[in-house]
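Common to both upcoming complexes is subunit A, partnered first by subunit B, then by subunit C.
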Partner chain A sequence: MNKSKNLLWNRIGPLLMSMLLLLVFILSGCSPSPTISKSPEEGKKDELVLAVGMADYGMFDPKKTWGAIGQIRLTHSSLLKPTKDLTFVGDLAKSFETSKDGYTWTFKIRNDAKFSNGDPVTIEDVLFTYEMLKEDGIAFDLSFVDKIEITGNDTIIFTLKEPRSTFISQLSEIGIVPKHIYGDNYSGNPIGSGPYQVTQYNDGEQIIMDYNPYWYGDEPQFKKLTFLLLKEDAAFAAAKAGQVDICYIPPKFAGQTIPGMTLHVLESVDSRGITLPVLPSGRTGNINSNEVQVGNDITSHLAIRQALNIGLSRQGIIDVTMDGYGKAAYSIVDGTPWFNEKTVIEDGRIEEAKQLLADAGWVDTNTDGIVEKDGLKAEFDLYFPSNDQLRGDIALAVADQALGLGIKINIMGATWDEIFVQGKANACLWGGGRLHPHQLYTMYSSKVHNKGYNNMTHYANPVVDDYLEKAMYAATQEEANKYWKLAQWDGKTGFSPLADVPIVWLARVGHLYLVNNKVNIGNQLMHTHGYEFGLFGNITEWSINQ
Partner chain B sequence: MSQKILMRFLRMITLMFGLSILTFWLLHLSPIDPVNAYAVSDTSMSQEQLEKLKEYWGVDKSPVKQYFSWAGALLRGDFGVSKLYRTPVINIIKSRAMTSFVLMGTAWLLSGVLGYILGAVAAMKRGKLLDRFIKWYSYILVSIPTFLLALILLLVFAVWLGIFPIGLTKPIGLANADVTLADRLRHFILPALTLSLLGVANIAMHTREKMIDILNTEYVTFARARGETSWQIFKNHGFRNSIIPAISIQFAYFSELFGGSVLAEQVFAYPGLGITLTNAGLKGDLPLLLGIILIASLFVFIGNFIADILNTIIDPRMKRGDIRC
Partner chain C sequence: MLEQLGRKEDVLPYTGKAGNVRKKIIWMISFSVCLIGFIVILSFILSNDNLRVNNASKNLMPSFKYLFGTDWLGRDMFTRTMKGLRLSLAVGVFATVISVTVATLLGTVAAIFGKKIDEIISWFIELFIGMPHLIFMILICYIVGGGIQGIVISVAMTHWTSLARVVRAEVLQIKSAEYIQISQSYGKSVWYIARKHVMPSVFPQIMIGSFLMFPHVILHEASLTFLGFGLSPQTPAVGIILSEAMSHLSTGQWWLILFPGILLILVAKSFDNIGEQLRILLDPTSSNE
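And then the complex of A and B:
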């Protein structure tokens, strides 16, 4: 037996040894080859490696929604752009004006802008881009545009079917594409007029962007950007391996430190809240053209909504669910020029909330800890998308705190498809937040009842409707902002925490990035719902820390 | 033989046909509404946008009509255009299939060979330390989710030791033209290793069981009585008898490999068909989903076909028709 053992080993041994040797050979033979083309320690740093998520969303083509979450500032230019204080100024447009009645928008474009292939950006390109997207009609809503005309070689005039001050959102999000190059394969050859050009796109791996020498704005310090398309865990591992300069991280990783990198907590308008149907049950309506139940017998009571609004501790929820990396939210537009700052309230007032419920007739008669009124128990379902951990955590924290107020909330993890069936008859953990006020209209106007996924709570207040219309008809941003604020609270009514609260907004999620200590990411623009791109709004201002 | 191949070919055609109908029907029954899936990222979409979106996805047409327009195009060699990526399906598959198949093929081969060796050794050394170690190793591996193993390997080899890159198929920021074969190989090792390590457990345990059965047979006892060494027993009796089930299992395992590769691909940002397949399924991108499923099943079918041929070569009884596979 002993002999046979040796024989077996004699036969298999060399095989195993040779495999081992092969492995060692592969390891040693390859490791000296350069893995990273940059080295932070050497000389002048003009490249960045970024792991900020699925940065290829939209694949550089406005028709595939490139731009809708603020990506375009890297690769394209648009007629308008937002500034840090969120006023909208010309980018490609050197001047623009809106007619008094709000129907006609006129832009004169600059004549020094060029695409990354050297061709000038002409008024024809602008016209082509908008007409192409209007025709497509999916990525950007331009259905309210009646006609687009050009006069001379630098003027474009949009005539709208109805006034719409929030047109600024499309104007600042639609990247202009070259008419003579654009085609079905534009993603493979995305020529734009932004500070960078996409020089290589490895689908599912990385995007390499190089400085566009024809860029008409300030020359960026960093001439090459490499975006790694890594998920959170892998991105963090890459940062730990010292291979990236900027890495996005979820709050659960925020406690960990990486030498040479600093945690940046960036302010966002990326808000989370709970929608509370304002109508009693027994009606039907539509979500995305499907007939669904509308209304909820508990949340339709103002006292219940208000009790949650003043009783829940927003900071408490942020501490529990985001490790404190967030800010309390009182609307979906906190921190913007169209946010009514008077509507910030003090919350966590448990006793007052209980009193408010008691005054409205909600009393705990059977001592089960839950209040009742007319035999109706203050209990309702709160839906959240089960694949979204943050929303799940927030739902749990809300339910936990609500119990202390005598309100029982059952949290229901579901798919979006189910949420879009249950959403109008139950509470939902909702989210949003953009650099323009249009969501105020789609979430609170009664004109959009049963349209798409708008106004989930079926909120309707004639006074608010009036302000919202006036805001849409406004010819200037200042005037529009005035009405957006009045719609939130005019001293008597509104949809803010001071009045109707159809949606109790809870928190703005802080956007967390680990940034190489050598890199200065400047004074950031407000970040929006959707993680990846808020960071790059001011890319041309980024610099090296000395 | 040629008649057999022809029959197989016909069977493949009908399989593809049935499979496409089944997939189509299942996706139709699934609660996933592609319009919802698309709109999740922007719930402020206007009704006009949604109408256009529905028209674009073709969900306003009857499923039968949708199927025939898809199948008709396919017969002309047109896989259609992915709704999600707005790119011809065949381009997406082409760009990703090679990566995927090389990755899965290597993992499959490595795990098969290693797994078989480990299983055979474990059975020959039944009850000894080596056997216990192999068993322990296999049990741990089958219970580890792929993505966890991938992350652990990533952490150990890429972060702590720094011998392998953190992912991707090529170096960060390097132009395609400058990427060498050595670069690709280095990036290939970790994902391939992850998949191989996981595949080992399955085949090792099956081989071990089969080999133990063989070692308990009378002919092996007789061989031992004749004074054959362990190696001779393995060579003369064990190998041929245990390799056939091993091959069949390994070829059947191919479909599972697809599932595992999805997760490994995701962790290593190693773009292959796996990620694309899940995306297509979750977002209801019918043309893309059908395209990948057809290609993948073709692959699995060919795999099984090869297994049959190999078995025929190895086991003369099959050739004679004594037993049918």
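And then the complex of A and C:
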């Protein structure tokens, strides 16, 4: 027996050894290989390799919503740009003024701006971009613009049908495209007037950007950016192998450390919450022009919404789903100048939430742990996009906590197409967050019912509507902000956690990046919904750490 | 050794070798049955509380408390795996029963009710065989609208074909046997012959066929859920567990994928084993192999 075993070993041993050697060889191949010439000692570093997401929508074309979530700063320039304290200053515009009544906006553009092919950015290009987008009407809503005129060779005047305070943010989101080049395949050969030009774009593989020598602003430190379009786990593996300088990671990877890289947790208004239909069931409405059911018999009760609002522990959800890398959210605009700070509430008050339910007549009569009222069980469906793991995790955590309040939430993973059918009759795990307050209007105003996927809950409060209109019509930012805050809570009513809560906002997701220790990403602007290009708003300030 | 064989010969009419094979078969079947039974029982015993999100027990390595470790939401992977396998088994049983019924019906009908019907059914079988399983299943799943019923229907619709062929061939062979012809000449109806003469001899084939179909069905169910068709991501299904674990491999959480994967293979292999051993036991022509 012993002998045969030895014989076996003699035969298989070498095979095993060679396999082991092969394995070691393969594994060592995965570690940073010396051929990649990005060692920190190299001295002058002017290239960056980035893995910050898949970047697979609206590429470079404003008509395909490029710019709507702050992507344009690398490749395009716009009339205005946001600053760190969320005011707006001129970018292409040398100077601008708004008439006292808010109807007329006048911009003078700088004359030293050039596209990456060397052509100057003319007032004609600006006019063309805005007229094209106004006519398109899908990517950017410019329907409130009455007419756009140019006078001389550097002045453009927008005349509005009605004052619109949020126009200022669109002016910072719309990248100017060259009139004589723009066409249907602009995505494939995008020419803009930003600090970088796209020299290579392989959809789903990589984007290479080089410094635009005609750029009129401060010269950036890094002359070449290579974006690897990788999924989160592949990006992380690439970072581990030392092949990227900056890597976006989801919060669940945050516990991992990579030598030579530091974790940067950047604040965002990228918010997540649950929409709770405020009408009882039995109505119909539209989402994206499809007729759908509207209303839900459970979430239409204010007591249910308020119980979730005060009973759920926002920090608990953040801890479990994001490893704590997030901030509690009470609106979609937390941390911005138009957020009403009075609406921050203390949550996780389970007993109070139960009391609130009991006072409203929701009692657990059959001891199944779920409360009932008039024979109606406090049970509803919560939809989330099944390909978004973070939203799925949040939905799971919400359902878990809600059970402790006596509310049963069935979580339903679905495609967006399905969510846009079910979304007005059921709860949805919603997301959003911009560097401007316009979403407050699109999510809460009764004027936008049945338009696109605005106001999913069909919330309608005349007082709030009035404030929202006033905010939109305001001629100055300060005045607008006053009304945005009043719409959230005016002491009596509002859509904030203190009153109607059609949407229970839960968390602002921290945007996490692993950044090469040598790279200084400067003082970042607050990030918006969508993490791919938010990092590059201040690219010209980036530098090398000595 | 020889003495042992001698004693065996007293009990069994076969050679000693055949006796060992039979013993081995019984052992293998009972092992497989025990494994599957164990998983089913465990899946009912284990509390759903283990599936609740828990911040205190996130990303833990396998230990005595958490045999298979925990995932990124602090859920016990052992419970998830067991419940996921139960779902797979339930879907498997359901889909297999449907497939086998369809296969038996169509196979028998094709063989008995004349040439026209045989041609139609054979054409159908070929049509279904001709399409790639997985793509066909995704298509059906999508049409039916996803969910568990989508998976059951799509799996059932695609797996009956080969068994139907076997049944058809078997019935055709029996049909030409003399005792059937005698029965016919006595004026017995087609249904009578089908029930009394054909079914009893085809039954073992059907049974073995269904057991051998089972691992296929389970693996296809797992791949459908892996691809994200039908079920909500938080449902404990093996395919979903595996696909979720994929994105955690680069952070070194190997236990999320290793144990569920191994168990899935074990369960599929167990069924395959039962079917294979039953085939050897029941099929007289292979008893001397």
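In the analysis below, the second predicted complex is superposed on the first by the 498 of 546 C-alpha atoms of A that agree within 3 Å, B and C clash if a C-alpha of one lies under 4 Å from a C-alpha of the other, contacts with A are read in each partner's own complex, and residues count from 1 in each chain.
Keep in mind that, in the parts below, a residue touches a chain if its C-beta (ideal position, glycine included) is under 8 Å from a C-beta of that chain, and two chains touch if they have at least 3 such contacts.
Quantities reported herein were computed from a predicted structural model and do not represent experimental measurements.
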> So, does A:366 touch the first partner subunit B, the second partner subunit C, both, or neither?
Replying inline: neither
>> For A:321, using the defined touch cut-off, is the partner it touches subunit B, subunit C, both, or neither? Pick first, second, both or neither.
In response: second
>> Looking at A:204 after the superposition, I want to know if it touches subunit B, subunit C, both of them or none. Which is it: first, second, both, neither?
In response: first
> Taking the superposition as given, does A:256 touch the first partner, subunit B, the second, subunit C, both, or neither?
Replying inline: second
>> For A:386, using the defined touch cut-off, is the partner it touches subunit B, subunit C, both, or neither? Pick first, second, both or neither.
In response: second
>> Quick check for you: in the superposed arrangement, does A:237 touch first (subunit B), second (subunit C), both or neither?
In response: both
> Where does A:546 make contact in the superposed view: on subunit B (first), on subunit C (second), on both, or on neither?
Replying inline: neither
> Of subunit B and subunit C, which one contacts the greater number of residues in subunit A?
Replying inline: B
>> Touch test for A:396: subunit B only (first), subunit C only (second), both, or neither?
In response: second
> Touching A:289, do we find subunit B (first), subunit C (second), both, or neither?
Replying inline: first
> Hey, what residues of subunit A end up touching subunit B and subunit C alike?
Replying inline: 231, 233-234, 237, 240
>> Which stretch or stretches of subunit C touch subunit A in the complex?
In response: 52-55, 58-59, 72-74, 228, 231-234, 244, 246-252
>> Considering only the defined contacts, which subunit A positions touch subunit B in the complex?
In response: 1, 3-5, 7-8, 11-12, 26-27, 29-31, 33-38, 47, 49, 59, 61, 63-65, 68-69, 136-138, 141, 143, 184, 187, 199-200, 202-206, 208, 224, 226, 228-231, 233-234, 237-238, 240-241, 243, 288-289, 415-418, 420, 432, 438-439, 442-443, 451-454, 530
> Taking the complex as given, what residues does subunit B use to touch subunit A?
Replying inline: 31-33, 35-37, 39-50, 52-53, 56, 85-87, 95-96, 117, 121, 124, 151, 154-155, 158-159, 162-163, 165-176, 180, 182-183, 185-186, 189, 229-232, 234, 265-271, 275
>> Considering only the defined contacts, which subunit A positions touch subunit C in the complex?
In response: 231-234, 236-237, 240, 252-253, 255-256, 316, 319-321, 323, 386-387, 389, 392-393, 395-397, 400, 411-414
